[in-house]
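Just so it is clear, A, B, C, D, E, F and G label the chains in written order, and each chain counts residues from 1 on its own.
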Amino acid sequence: MIVRNITLLVVWVAMWGELNVANVASGVLMIAALSVLFPTDDRRARLAHRVHPLGVLRFGGRLFVDLVVSSWNVAMAVVVPNADRIHTEVFDVALTTTSPLVAVVVSNSITLTPGTMTVDIIETDRGFALRVHALGRAEPVSFREQILELERRVVAAATPVGIPADGARAAIEHNVEPPRDGSAS
Amino acid sequence: MSTVVDIATAALFLIGAALAVIAGVGLHRLGDTRSRMHAATKPATLGVLCCAVGAALQSDSSALVTKLLLAMALQLVTAPVGAHMLARSITRRDEQHPPTTS
Amino acid sequence: MIGTSQVALALLILAAVFTVARAVRPSSSTGDRAVALDMATSVIQCGLFVGAVILGDGILVDIALVLGLLGFLTSVTVARFLERADR
Amino acid sequence: MTALVLAHFVVAVVVLAFTRARPVIGAVIGCVLFATTAVTIAILGIGVDQQRVETWRWIDDLGLQMAFRLDGFAVMMVLIVSVIGALVLAYSIAYFDHDETFVLFVGLFVAFAGSMTGLVLSSDLFTMFVFWELTSVWSFLLIGLNDRSAQARTAALRALLVTGGGGLCLLAGVALFQVLAGTSSFAELAADPPVGTTATVAAILVLVGAFTKSAQFPFHFWLPGAMAAPTPVSAYLHSATMVKAGIVLMARMSPIFGDLDVWRWMVVLSGGTTMILGGVRAMRQVDAKLLLAFSTVSQLGFLTMLVGLGVPGATYAGVAHLVAHAVFKAGLFLGVGVVDHATGTRDIRKLNGLWREMPMVTALMCLAGASMAGLIPLFGFATKEKALVALLDADVGFVGWVALGFVTVGSVLSAAYTVRLLRGLFATKPTTRDSAQEHMAHLHHAPGWLLVGPMASFAVASLAAGLAAGVVGGWLVAAGTSLDLDVASKLALWPGINTALGISVAVVAVGAVVGWRVPVTEPPHHPAVSGERIFQRTFDGLIEGSKRITVVTQSGSLLAYLAVVMSVVAAVLGVAIFTDPGAGFGELVVADSPVQLAVSVVAIVFAFAVVLARDRFVSALLIGGVGFGCAVIFAMFGAPDLALTQVLVETLSIVVFLLVLRQMPRRFAADPTWAPQAIRIAISTAVGVSVAAFAVMVSGARSAPSVGEVYGELSLPEAGGNNIVNVILVDFRGVDTLGEITVLAVAALGVTNLVRMALRNRKPVEDTDSETAQPDRADDAGSADRSSAGGRRP
Amino acid sequence: MSASLVVLIAVLFGTGTYLLMHRTLTRIVLGVAMLGNGVNVLILATGGRQGEPPIVGREGATDPVPQALVLTAIVIGFAVVAFLLALAWRNWTISGNDAVEDDVEDRLIARAGADGERRSDVHHHEDVDL
Amino acid sequence: MNALLAIPLAVPLVGAAISIIVRRLTVQRVVSFIALATSLAASIAIVATVVIDDSIAVTRLGGWPAPVAITLVADRLSALLLVVAVAMVSLVLAFAIGQRAADERSPFYHPVYLVLCAGIAQAFLAGDLFNLFVAFELLLMASYVLLTLEGTDSQIRSGTTYVVLNVVESTVLLTAIGLIFAATGTVSMADLPARLAELPDGVRSGLNLLLLVAFGIKAAVFPLFFWLPDAYPTAPSSVTAVFAGLLTKVGVYAMLRTETLLFPGGHSTLLLWIAGATMIIGVLGAISHSEMKRILSFHIVSQIGYMVMGIGLGGEAALAATVFYLLHHIPVKTSLFLVQGIIERDTGSTFFRDVGGLARRSGPLAVLFLLPALSLAGLPPFSGFLAKYGLVRAGFDGQSYVIVGVALLASLLTLVSMTKIWTGVFWGDVHPAADAERRGLLRRYPLMSGSAVVLVGGTLAIAALAGPLYAYCVGAGAQLVDPSVYIEAVLRP
Amino acid sequence: MSRRSVILDEADRWLFPVIVMVSVYVTFRGHNAPGGGFAGGLITGCAFVLRFLAGNDLRIRRSVIARPDRLIGAGMLLAVATALSPVLLGDSLLESNIWKLQVPLIGEVKVVSSAIFDLGVYFLVIGVVLAILLALGTDPSEPVLEREAT
C-alpha cells in the first residue's frame, strides 16, 4: 500500500507540476479519500513488495534499451521483411514468481521487448505461465531463459515478501482469508 | 545550448514520426493480426516517448516537464495492457475456432 | 525547428494514413481495426506533442496525457467483447 | 329573459342529477318551468311599450355579445316553444312510461327548450348562432336516445353533420358581418345594411345555414331520418320548434336582404322544390310518422318561401302559418304517437278501420289534418289564404309568380297527403291480399288521458284559432311589426270571394282526389337519387378516402418519415441557396492547415467506411475513428476543451456501443428494400451538399462582431477564470450547462429504467417480492447491490 | 472558411442521413452519432476562425462561444446515443432483433384501406453470423 | 423579479434531484407536489406582474449585462403559457397518481416528470435561442423516458420512432441555431432581430426555413407530423395527456416567437399552406381510425394547423386569436386524454370494438367527454368556438378566405371524428366483456376523475371568462406584433 | 479458462486511482485551462469502465452514493443549489461569487462559486457513466430474450 500511495502522491504532484505544501497536502487528502471510497479490500492487497530503487532504475534502463531494440527489429521486419523476420511462433513460459504484480510487470515488459508479446497469462497451481507470441525466429531454450532473466530483474526491483505462493493464489481465487504469516505493508 | 536542444528535439521528433510511419506500414506488411500488433505496440510507443521527450526539451516550465514525464510513464504502463488484452482475445478465439481459411 | 516539426507532422500524417487504411480495409478483422484505432491514439499523441511545440501551447499536452491514459480502454473493450461476440 | 334561459339549463342539470329514480317528477318540474316561462314572457312582452333588452358583453375585442330582445315575434316564438313544450312533455310522461331513457329525455328536452328560447329571443346574429348550434347538439343526443339502434345513431349523426355544416356557413356569415359592419346585431345591420359582393356572400352563407336547419332542399334529407327519435322528440324538435329556427333566422334577415335577387331566387327555388319534393315523398310513405316528416319538409318549404321573400304581406302570412303549422303538426305527431302506442305500429298498411276503435282520436286527428289541408274554418285555411293573397299581391316580378306556382302545386300535395294520412290511419280499406290480414294491427289498450289530452289541445287550438282568425291575426301584427314589417291586412276567417279563394278551393278538391286515389298499400318507394343516399355516399367516401390518404401520409414506417423529413431539410436549404448564394463561396480556402486537410480526409474516409461496414462491432469502431478525427480538428482549431471532451465522449461511446452490440449478431441483416438505394443516396447527397453549401453561404454573411469578445473581456476580472470556454459553461451560460447535465441525468435514468423493466419481465417471481413491493422502492441499497455486486463480468 | 471542413461537413451530414434511413436501429444510432459530429464541426467551422485557444491573455484567440455551444451539444449527443442504444438493447431483448418495425395500427389501416394492394407486413430477422 | 422567473425552472429541478436520491414514493409525491405548487404560485405571480406592470418581465441570469447573459423573459404570451402548462402538469400528476400505474412502477417517474416540467417552463421563458434548444432537449429527453417508462413492446416500437424523429429534429434545430450564430455572432433573441435584418435575403430565408422545419417537426405540422400519431397512443394516458397538451404547443410557441420576433413577415403564405394541409390531413387521419387515443392524437395535428394559421395570418388580431387558441387547446386536449385514461383504466382498451355504451354506464363521464369534445370541434359556447371564431374573423379581416374555408371544413370534419368516438365508445351496446353492472365509474377513480373534472371545469371557465382572457391575449398579440417592446425590455441596461 | 485477466486486475489496481486523480486535476483546473467538471467526470467514468472491464466491483463504499442514481441526484442537487442560492439572497440565478480564503501554509486560495457548480457536474457525470455501465453491463450470458425470434 505504501508503495502505491507514494506512487500516487508522486503522480499527483507531477501533474500539478510543482512541489509545494498545497499540492502535497491536497495529494494526501486525495489519496486518503480514494482509500476510503475505494478500499482495495481484495486479499491481494496484503501482498507486499519491497522496492529497491536501484533495481528499479536498472530495470527501467534495460526496458528502454529493449524497447529501442525491439522497435528496430520490427522496423526491419517491416521495411526489409524476410522469412525469418516475419516468422511467428507461440511459446508457453512458466514463471517462478507467485506475485501477480511481478507477473504483470514481466508480461508488460515482454510486450515491449524485442520480438515478443504476451498474449495470455495463465494461472496454474504452481504460479503464472505466460503465453508469448514471438515475431522472428527464436530458439525455445534461450527464449525461455531470456524471459526468466527478465523476471529476475523485476524481482530485483520489487521483491515480493512474506506470502507463500499457494496461499496467495488461493486467496485470490477463492476469496478466503490467507494465512497470516507475513507482514502486510 | 539552445541550438543543441533544438537539434535534439528535431531529431527526436523525426525519429518519433518515422517510428510511427514504420508502425503504420507494419500494420499492412505483417502477416497476421498478432504480428501487426508488434508493430502497433513497440515502435508506436517508442515514437510517443520520443515526441514527448522532444517536447519536454523545448518546454520552459518544470510543470510541463513533469507532466510530460507522467505522460510517458502512463504510456509505458497502458500501451502493453491494451495490446495484451487484444492479443489474448485473438489467441483465445483462434484456439476455440481455428481459422479455416487464409 | 518549426520546419522540422512540420516535417515530423507530415510524417505523422503519413502514419495516420496507413493506420486509417488498416482500419477501413475491408479485409481487416475486427482485431486489426482495434489495433489500428489503438495505434491511431498513439499517432495523435505524437501529433499533440509536436503540435505543442509548434503552437507553443502546453494545453495540448494535457490532452495527450489523457489520451495516453485512456486510449487503451477502447482496445480492452473490444478485446473483452470480441471473444463472446464471435462465439 | 337571460334568467329564464339559464333556468332551463339549471333545471336540466337538476333533472339529470336528482330525478333518476323518479323521472316523472323531473317531467313535472319541466312542465312547470315551461308554464312559468310562457306566463312570464307574456307578462313581460305583451302590450308593453318598451321592449325589454338584455345584453351581456362576452368578448369585447371580437364584438361578441349575448343580446336578447323581447319583441312581438320573440314573444310569439317563446310562447310556441314553451306551450308546445309543456304539452309535449306532459304527453311524454305517458309515452315513455317506464323507459330507462326517460330521465335523459326530460333533461335533454328541457335543455333544448332553453336553447330554443334563447335562440328566438336573440337580437344578435351571433347570439342566435350560439343557441343555434346548441339546439343541433341536443337534437343529436335526442335522436340518438335509443343509442342501441344503428338506425338511430346514423340518423342522429346525419342530422348533426348537416345542421353543423350549415352552422359553419352561418358562422362564416356572422364573422363576415362582424368584419364588414362591425356588428352582428339585427337592428344595427338593418339600420345600416352592408353592401357589396362580400355582404351578399355573407347573406348567402347565412341563408344556407338557415336552409340546413329548416331542412330545405338540398339539405332536406336529414329530417325524415330524424324520425328515428321518439315521437315527442319528433313532434317538438323536428316539427314544431327546432326546424323553425331557420325560418326565424330568415324572418329576421329577409327584411334586410330580401330585396337581393340572389336571396329571393334561392329562397323561392329551394323552398319551392322542398315543398313539392316533400309533398311527393309524403305520398309514397306508409309509415305515418315518416309521412308526417315529409309533410313537415313540404310545409317548411312553404314557410321558407313566405318568410324569405322579403315581401311584408308574405312574411306576415309566413309568421301566421308558422304558428298554424306548429300547432297542427304537433297535434298530428302526437296523434300518430297515440296510435303507435295503442296498436304497436304506425304502418298504414297494417291499420284498418281504426276509427271504430278510437273515434275520439280520429276526430281530433281530422281536425288537425283539416288545418294542414287548409280547410275552412281551421286556422290553416286562414294562414294559407293569407299567403296566397300576399303572393298574388307581391310586386316582385317573375320570382313572385314562380313562388305562387310552387305554393299552388304544393298545396294540392298538402291536401293529398293529409287525406292519405287520415285514410291510412283510420279508414276501413279494402284489403287486397289475404296474407296482409293476419298482420293487421289492433288496439292493444286504450290511450290514457295524458296521451290524448295534449293532442286534443292542439287539435282544438287549430279550430279555435281558425274561428278566431281575426283576433289571432291581430295578436300576430305585433310579431310582424317587430320584424320591421308594414302589415297592411290582417288574417281573416272569411276573406271574401277572390282569386285566392278560388285557388284554395281547387287545390283542396284536386288534392283530396289525389290523396284518395293513391293506394296506401304500396311498399315505400326509395328514389334512385336522394339526398340521403348522396349524403351516405359522401360520408362513406369520406371515411374511405380518409383511410386512403392516411395510408399515404401515415405509413407507420420510420424510414419513410425520415426520408420525408430529410428531403424537406434539403429542399428548404436548396431554395435558400438558389435564392441568393451570397459571398461565402468566394472566401473559401482549401484548408486552414495541411493537418486539417489530412485529418478531414481521414474523418471522411472513416465516415464512408461506417456506411460500408457490414459488421456491428466494426461500424462502432469506425465511428469512433470519425470522432477522434473530429477531436483532432477541434484541437487544431483552437478548441482544446472540445478536443478533450470529444476524446472522452468518443471513448465512452465506443464502450457503450460495444456493451450493447456484443449481444447482437455481428453482421447487419440485409436491409429490406424500402426504396431504391438510389433514392436513399439522392436524399443523403442532397442533405449533405445543401447543408454544407448553406454553411458556406452563412459563414460569409457575418456582419457584426461575436458576443464572444465580451465574454473574453469579462472572464477573468468578473468571473475569475482564465479559460473563457469553461467560464462560459459554468457562469455566463451556466443555465445551459444545468440543462445539459440534467439531460444527461435523465438519459441515465432512462437507460437504467429500460434495463430494470427488462429484468423485471425476465424474473417475474423475484420481481413480486422485491421490485414492486413498497419497501424495496425505499432507500435500501438492495437493488443496487443485486445489480452491481459480483456479477458484473463482461 | 476552410473547404476541407466544408467537405467534411457535407460527408458527415450525407452519411449520417444515409445511415438514418435504415431499418436496423444500430445503423440509425450510427447515423445519429454521425450527424452529431457533423453539427459540431459545422458550428465550430462556421462560428469563427481558427486561432489560439480562448484563454485569457492569448492573442488571436478563436471565438469561445461556438466552443461552448458545441460542448453542450456533445454532451447532449452522448446522452441521446446512450439512450438510443438502450432502446436498441431493449428492442433486442423483446424481439430478438433491432429492426424498427412499422406501426401496427397504421398498417392495419393500410390493409383496410387498400386490401391486397400492398404487401403484408414483412418481419425482418437478422441472419446470425458464425 | 429575479427569483420569480427562476423558480419555475429551478425548483422542479431541485425536486427532481431530491426524488432521484430518495425513492420512497410518499416522499417523491410530496416533493413533486411542493415543487409544482411553488412553480404554479410563481407562474401566477409572473402573470400578475406582467399584467399589473403592463411590461415584460426579464431576468438576466448570473447578473451579467443583457447580451452576455442568458435572459429569462416573460411577456404576456410566455407568462400565460407558463401558468397553463404548470397547472396542466400539476393536474395530470394528480391524475397519474390516481391511475396507480406510472409512479408506482418506476421510481424514476417523478424526477423525470419534474424535469419535463422544468424543460417546458424553460422553453417558454428562454430569451436565448440556444437556451431554448437546451430546454427542448430537456423536455425531449424527459419525454423519451416517460414514453418508454414501462418498456413494453409497443412502447419501445413507437418510442423508437418518436425518439429518432425528435433527435433528427434536435439536429436540425441545432444546425439552425449554430448557423444563426455563424451569421450574426449572437444567440440572444433580443440581440438577434437587428443583426438578422442585415443579412442577405437568401441567408435569412434559409435560416428561417430551417428553424421552421425544426419547430414544425416538434409542433407536428404537415408534412412533418407523422411521429405524433404513432407515438402518443402507446404511452400511459397520464403521459400522453401531458404530451398532447403541451409538447407540440412548445413547438408552436417557438414558431410563434421566432416568426414574430426574429423573422417578422417571412413566409406567411407558406405557413398558410402548411396550416391548411395540417388541418385537413390531420383530421382525415382522425376520421380513418377506430381507436380513441389515435383519433385524439390525430386531432392534435389538425388543431396545430389552426395555430399555424394564426401565425401565418400575422397581425395583432390573428396572433391574439392564436394565443387564445393555445390557451384553450392545452386544457381541452389534456382533459380529453384524461377521460380516455379513465376509460382505459376501467375497460382496458379504447378500441371501438372493445368498448361501447359508456354513456349508459356513466352519464357524468359522458358529459366529461362531451364538453371538451364539443369545444375541440369548435361548437359554441365553448372555448374552442371562441378561439376558432377569433381566427376566422382575423382571416376575414386579412381577406384570406381560402384558409378560413379550409379551417371551417376541418372543423366540420373534426365534428365527424368526435361523433365517431361518441358513437363508438359512448353509444351502442355495452361490450359483452365489460361489466355492464359496474356503474359509478367516476366514483371508483376519485383522483383521476377529480383532476378531469377540475380540468373540464377550467375549460368552461375559459369560455365564461373569455372577455378578460381575450383582452389579455390581445395584449399578447400586440406585444408580438411589435418586437421592439421585447427587445427594449431585454436589452435595457 | 478464466475470463478474468491478471493484467487487467493489476492495471485496475494501479491505474484506477491514477485516473481518478487525473480527473480531479482536470476538474479543478478547468476554470483556467481545458477541463472542468464534465471532462473530469468522464475521466472518472473511464476509470469505472476499466474497473468494469476487469470484472471488478463497481461499488463506491459509502452508502450515500452507493447507487449511481444517488450520485446523479447529489451532483444535480449540488449544481442546482449552487445556481439557486443567490436567488435566496435576492440576486439572480447563477450569480457567481468569488471568495478569497487564507489557508495556513498554503496562502491565499481563490474559491469561485461556479467551481462548486462544476463539482456538481463532476459528480453527476460520474453517476451517469456508472448508471449506464451498470445497466447495459448486464451479463449477456444470462439470456434476456423475452420471446425467441421466430
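Convention: a contact is a pair of C-beta atoms (placed from the backbone, for glycine too) under 8 Å apart; a residue touches a chain by one contact, two chains touch by 3 or more.
Predicted, not measured: the structure shown is a model, and the values here were computed from it.
Asker: Give me the fewest steps it takes to get from subunit A to subunit D if each step has to go to a chain it touches.
Answerer: 2
Asker: Give the chain pair, either E-F or B-G, that is connected by more C-beta contacts.
Answerer: So, comparing the two chain pairs, more contacts are at E-F.
Asker: By CA centroid distance, what chain is farthest from subunit B?
Answerer: D
Asker: Comparing centres built from CA atoms, which chain ends up most distant from subunit G?
Answerer: So the farthest one, by centre of C-alpha atoms, is D.
Asker: Based on mean C-alpha positions, which chain is nearest the centroid of every protein C-alpha shown?
Answerer: Smallest centre-to-centre distance to the global C-alpha mean: chain F.
Asker: Go ahead and note the Å separation of the Cα centroids belonging to subunit C and subunit G.
Answerer: Roughly 26 Å separates the two chain centres.
Asker: Between subunit C and subunit F, tell me the centre distance in angstrom, where each centre is the average of that chain's C-alpha atoms.
Answerer: Using C-alpha averages as centres, the distance is 48 Å.
Asker: Taking the mean of the C-alpha atoms as each chain's centre, how many Å separate subunit F from subunit G?
Answerer: 36
Asker: Hey, how far is the Cα centre of subunit B from the one of subunit D, in Å?
Answerer: 77
Asker: Give me the residues of subunit D that touch two or more other chains.
Answerer: Subunit D, residues with two or more chain partners: 547, 550, 554-556, 558, 562, 566, 608, 636, 640-641, 643-645, 648-649, 651-652, 655-656, 659-663, 666, 691, 695, 698-699, 706-708, 711, 721-723, 725, 729, 731, 733-738, 740-752, 754-758, 761, 794.
Asker: Could you check subunit E for residues that touch two or more other chains and list them?
Answerer: Expected reply: 20, 28, 42, 46-47, 52-53, 55, 65-66, 71-72, 75-76, 79-80, 82-83, 85-87, 89-90, 93-95, 97, 100, 103-106, 109, 113, 125, 130.
Asker: What are the residue numbers in subunit G that touch two or more other chains?
Answerer: 1, 5, 7-8, 11, 14-15, 18, 22, 26, 32-35, 38, 43, 46, 49, 53, 69, 72-73, 76, 80, 83, 93-94, 96, 128, 132, 135-136, 140, 144, 146
Asker: Give the list of subunit G residues in touch with subunit E in this complex.
Answerer: Result: residues 32-34, 38, 128, 132, 135-136, 144-149 of subunit G touch subunit E.
Asker: Which stretch or stretches of subunit G touch subunit B in the complex?
Answerer: Listed in rising order, the residues of subunit G that touch subunit B are 1, 5, 7-8, 11, 14-15, 18.
Asker: For a test of understanding, state which residues of subunit F touch subunit G in their complex under the given definition.
Answerer: 2-3, 6-7, 10-11, 13-14, 16-21, 59-63, 72, 108, 111
Asker: Contact residues on subunit A for subunit G in the complex?
Answerer: 4, 7-8, 11-12, 15-16, 20-22, 25, 30-31, 34, 36-40, 42, 44, 100-101, 103-104, 107-108, 118, 121-123, 128
Asker: Given the complex with subunit C, which residues does subunit B contribute to the contact?
Answerer: That would be residues 6, 9-10, 13-14, 16-18, 20-21, 23-25, 27-28, 33, 36-37, 39-40, 44-45, 47-48, 51-52, 54-55, 58-59, 61, 63-64, 67-68, 70-71, 74-75, 78-79, 81-83, 85-86, 88-90, 92-93, 96-97 of subunit B.
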